[in-house]
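Below: a set of structures, written as structure tokens.
Below are two complexes that have subunit A in common, paired first with subunit B and then with subunit C.
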Partner chain A sequence: MEITILEKTEHNIKFILEGMDVAFANALRRTMLTRLPAMAIDEVLVIENTSVMYDEMLAHRLGLVPLTTILEDYNLPDKCDCEGKGCSLCQCTLTLEKEAGDEEIMVFSRDLSSQDPKVVPASGDIPLVKLAPHQRIIIEAYARLGRGVENAKFQPVATVAYKYVPLVTVDKSKCTLCGDCVEVCPKKILRLNGNTLATQNTLDCSLCEACVEECEAGAITIDSKPDSFLFKVESTGSLPPEEIVVKSAELLKERVQVALDFANSL
Partner chain B sequence: MIIPVRCFTCGKVIADKYEQFKREVRQGDDPAVVLDRLGYNRYCCRRMLLSHIDIIDNFMAFATTEGVEQR
Partner chain C sequence: MSSLSERQKYWPVIESYFAEKGLVGQHLDSFNRFVREELQQVVDSVGRLNPKVEGYFVDLGEITVMPPSVREADGSEHPLYPNEARIRNLTYASKLFLDMTPVRQEGSVTTRLETMRIYVGDLPIMLRSETCLLHGMSEEDLIKHGEDPNDPGGYFIINGSERVLVTQEDLAPNRILIEEASKSSSYTHIAKVFSTSRGFRAPVTIERKRTGELRVSFPSVPGKIPLAILMKALGLESDRDIAEVISDDDEIRNELIVTIEQATPINVMRGEEDEETSTRNNALDFIGKRVAVGQTKEYRLARAEKVLDRYLLPHIGTEEHHRLQKAYYLGQMVERLLELVLGKRTQDDKDHYANKRLKLSGDLLMSLFRVALYSLTRDIKYQLERTAVRGRKPNIRTAVRADVITQRLKHALATGNWVGGKAGVSQLLDRTNYISSLSHLRRVVSPLSRSQPHFEARDLHSTHWGKICPNETPEGPNCGLVKNIAMMAYISVGTGEDAVERALYKAEVESIEKLRGKRGAKWADVFLNGRLVGIHPAPQVLAKTIRQKRRAGEINEEVNIAYYEDTNEVQVNCDAGRVRRPVIVVENGKSRLTDEHLRMVADGEWTFTDLLRNGIVEFVDAEEEENTLIAMTPDDIGPRTTHLEIVPSTILGISAALIPFPERNQSPRNVYMAGMAKQSVGVPAANFKFRADTRSHFFHYPQIPIVKTRAMDSIGFEERPAGQNFVVGILSFEGYNIEDALIMNKASIERGLGRSTFARVYESEERKYPGGQEDRFEVPDRSVRGYRASESYRNLGEDGIIETEVEVQGGDVLIGRT
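Now for the complex of A and B:
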């Protein structure tokens, strides 16, 4: 297995995975989506809420706010010594207290004050509710680790997708340089360069094969590289994208081991 | 009522950029260009911002705060 990182930003990572089949690529994708734990608010105690928004709606919005997660610091509630009742090892309390003066105000996710400075909203600019003059909210929220299988708010990723690595080849002896394929390509992969048909940014190719259909001479072939995948992982901000990939691979390995142990015990 | 925290389809956080989106569109920028600049490349996230109508201000016109002041 070989991984080549193409692009890495704060929330995104793009890499090529080589030497693995579809089954593995999809298993990795699904592990990232549904098995990797992340923190999210799960229980909300509304002490006071005079805003125009219902308590339930407010609680739902709070649950969707991504929280930065340190996986080593917290236990999953079902694996915690407290047996899921909620203790300081598996739960983090966040409080929100805000009152509007004579002007209306917007309550943002940054107004949530956390008991643990490492578990804070990944983005402070998420509007939660707007308060009319003299309205007030006092809220206590309990965040815990959870998995994507349970609720999508626990997913550390927004999207994880993979596609085949495209291979665009032009047969120069057949090409008539008509330029029809250049027009038809939605991703602008093909380009007429003097008297040759050149390719550019081939990784952007969506494998639609519009150029193959357009080319009467049959000079273009679109193929995909065997056992190679182009992955795109987009984090919600709860975990850094590279950590998501590494931790998911470890989790997948553990789960495969469990399956193997079971098979061997039969 | 108020801008949803995340995209309904893919789960990307969209609420934190809504104010900026609204401001820049009001200044006369093309919404498509603003969305590209904010990094919303998928049409699921784009429609969240494009088609949203904020009605919380309309609700707030009916807000009652008397109950709080009496206490």
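Now for the complex of A and C:
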């Protein structure tokens, strides 16, 4: 297995995974989506809510706010000593207190104040509820670790997708340099470079094969590299993207080991 | 094909129309007219109360409608706003006051006593009508009173529930319909007319038997009377007169021989008449023998005359001098019938929308109020007579029991059981979403029974174009019987006949009375609201002048005129209940609506009324539409074009207008969509926080559709949206999608896709029972009979009522009543 990182930003990572089959690539994707834990608000105590929004709806919105997570700091509730009752080792309390003056105001996720400075909303710009003049909310929320299988709010990732690595080849002997393929390509992969048809940014190719259809001479072939995948991982902000990939790979390994151990014990 | 922008450019006209009339304008206008005019007319038709008390009667005067109010249990009274009525289960109604003047008569001296303004009952008030407290309120004020500013109004609040009076479709009254009969019946052809006057419906039929004889039937006379005898009783004594009134066509007169011969037994020779025996008296006696069997001759004659005046064609009049006119009308019916027999005319199309009238809430309330007032007058008379019998002085103030009218109106509106045995007239307003409410207020039901097939009545008719939505109708037994009016359709409220009649005479219509019923075949017959008023030599010119006068505003905008070339007759209509729609006037191949006008409308300088007043846009009914050539787009205008559609897609109703590209769908799919749009969960009303509907759904994340129609903007769908844009993948996935089954993404649902809140009301009350027993709300004590596990009561507050914001399960107690 070989990983080449193509691009990395605060929330996104793009890399090529080589030497693995589709089953593994998909297993990795699904691990990131459903198995890797992240913090999210799971219980809400509404002390006061005079806004137009129902308590249930507000609680649901709070749950969807991504929280920054340090996986080592908290236990998963089912693995915690408190046996899931909720303790400082597996729970973090956030409070929200806001009252509108004479003007209506919007309550944002940044208004949530956390007990643990490391567990805060990943983005402060998420609107929660609008308060009309003199409306007030006082809320105590309890965040905990959870997995994507349980509820989508615990997913540390927004998008995880992979595709085959495209291989675009031009048979120069057949090419008539008509340039039709250049026009038709939606990703601008092909380029006329003097008297040769050149390719650029082939990783962007969406494998739509519009150029193949357009090329009468049959000079272009689009293929994909076997056993290598182009991954794109977008974090919700709860964990850094590279950590998501690494931790997921570890988790996957553990889980495979569990399966193997079980198979061997039979 | 004109460009998209070209086809869309007339939308500002439609928006100005909605801005003025609202989406339920027909109900509001109809109710306003009822309160302003018809209420008083009903009172005037009663006029005077004549109790059987010597020298005492009561004159009824002006009726006044007060602003809606409520009387509390402690006797205090205050103005009632609709939302208070909704929440407190009250009726949103106004007090009615009637001026009553008792009159004493002693010999020839009459003394009018002091006029008293007496409270006679409560009238439920339509929301947003002129009488409603919300009328003319600004948006902020509406919000302050707990209303949704986008709520259309047009419904009533009875005991806290919102009730709609569903528009009823009916066969047009006072119109002659001729039909061929089925082979199995005893007659070959039939002419029918539903003569309706002041809520009294009197069907008159003329049948042609296989022998060729004509017989008439009308209410209160058993059996059928030979036509000639009836004509003679009405005053056309000679056979010649009868023939002249019917037709001057020899072929038609030939058909009359059998009929006229039937009357020979009662004929009296000229010169043999005396006071006792005349042809007319014999004819009257013929009728008298049927209606007053075994009475004296004098009584029989008087009775026959009364029957003719009251029950034969009452829409023409109920006085003695109307008898000749009735004879002319019967002549007209016979002419049509015989023309059908001779193949000179075709059967009338019952499903043609010109032969239909819609009864709106105002008309329905009028018939209800008339009955309620009659029972009040009966009650007053009874009360007055009772006090008189006891020897006390009659006092109307104590004789009027306001409950009579109040209860009559309220009961009919609450249950939907109308006078005349109609059920389901008033329905609970559908608040599923904004569209369903609007659509409910624009519904039209046909009284035809749903058990019989009635295939033709259910079919879409070409005259439904622009009036009735072609797609929005339920599936199943009510298909085609329950309809919805199209976006631009408007229902006439009716204007005075007299002004129109005068305008017709001015336009050189020869009055029928002057002609004494003798109409030549050459001149065209002119009808006003189905009544023959005269003849005209150049009907095309007449139609043109009347139209011009209407466009110039000289006669009411509600008048419509149509000339039928094939039968050479002119139909002028100004009655209520015609479905009409606006179209742009085209003159000399040019649309009268210029770009400059459009700009003024779009900028708000001009309203829709300005367009109407300037003869740029006019309303046509189904009848006048038969004389028009309406271009679909400006490009289609040809030399003979008379009108231009404003926007062709307004043939659809509110619900079907939400479908993008409906013309590309299989038509039943549009029907299903129009039905399902009314079931989607959305935001039913912006005041949902201040409402207490028994069941209501509220959508958490409604969205504006990605693909929308232009009509959505005009209707305001995006302000009160329903539904969400789903991303769907269509693939078989090993057959899990069989029969429209679908697999949903778990994460998307957890993120809030399709989330909604459901609310419902549980009610209970503390009652006192005879015998001292009393209900109490409390947390029940163990000793109470029927005590459940104390678990069930854990969420009850001290007052015995469930606390707010607590989780409850099935079986939990919400109100502890002991």
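Definition applied: the second predicted complex is superposed on the first by the 266 of 266 C-alpha atoms of A that agree within 3 Å, B and C clash if a C-alpha of one lies under 4 Å from a C-alpha of the other, contacts with A are read in each partner's own complex, and residues count from 1 in each chain.
Heads up, the rule we're going with is that a contact is a pair of C-beta atoms (placed from the backbone, for glycine too) under 8 Å apart; a residue touches a chain by one contact, two chains touch by 3 or more.
Predicted, not measured: the structure shown is a model, and the values here were computed from it.
**Student:** Mind working out whether A:M57 is in touch with subunit B, subunit C, both or neither, as first, second, both or neither?
**Tutor:** A:M57: touches subunit B and subunit C.
**Student:** Taking the superposition on A as described, I'd like to know which of subunit B and subunit C A:V46 touches: first, second, both or neither.
**Tutor:** After superposing on A, A:V46 lies in contact with subunit C but is clear of subunit B.
**Student:** Tell me which partner A:E104 touches in the superposition: subunit B (first), subunit C (second), both or neither.
**Tutor:** After superposition on chain A, A:E104 lies in contact with subunit B alone.
**Student:** For A:P66 in the superposed arrangement: first (subunit B), second (subunit C), both or neither?
**Tutor:** The answer is first: A:P66 touches subunit B but not subunit C.
**Student:** Look at A:Q155 in the shared chain and tell me whether it touches subunit B only, subunit C only, both, or neither; answer first, second, both or neither.
**Tutor:** Touch partners of A:Q155: subunit B and subunit C.
**Student:** Per the contact definition in the header, classify A:D125: touching subunit B only (first), subunit C only (second), both, or neither.
**Tutor:** After superposition on chain A, A:D125 lies in contact with subunit B alone.
**Student:** Once the structures are superposed on A, label A:P226 by its partner contacts, choosing first (subunit B), second (subunit C), both or neither.
**Tutor:** Neither: A:P226 stays clear of subunit B and subunit C.
**Student:** Who contacts more of subunit A, subunit B or subunit C?
**Tutor:** Of subunit B and subunit C, B contacts more residues of subunit A.
**Student:** Counting contacts the way the document defines them, which residues of subunit A are shared by the two interfaces, the one with subunit B and the one with subunit C?
**Tutor:** 52, 57, 64, 152, 155
**Student:** Note which residues of subunit B are touching subunit A in the complex, please.
**Tutor:** Residue positions touching the partner: 1-3, 5-7, 10-13, 15-19, 42, 56-57, 59-60, 62-63, 65, 67-69.
**Student:** Flag every residue of subunit A that touches subunit C in the complex, lowest number first.
**Tutor:** That would be residues 46, 52, 54-57, 60, 64, 148, 151-153, 155 of subunit A.
**Student:** Under the definition above, what is the set of subunit C residues touching subunit A in their complex?
**Tutor:** Answer in residue numbers: 689, 700, 746-748, 750-752, 755, 757, 805.
**Student:** Okay, in this complex, where on subunit A does subunit B touch?
**Tutor:** 50-53, 57, 61, 64-66, 104, 109, 122-127, 129-130, 132-136, 152, 155, 157-159, 234, 236-237
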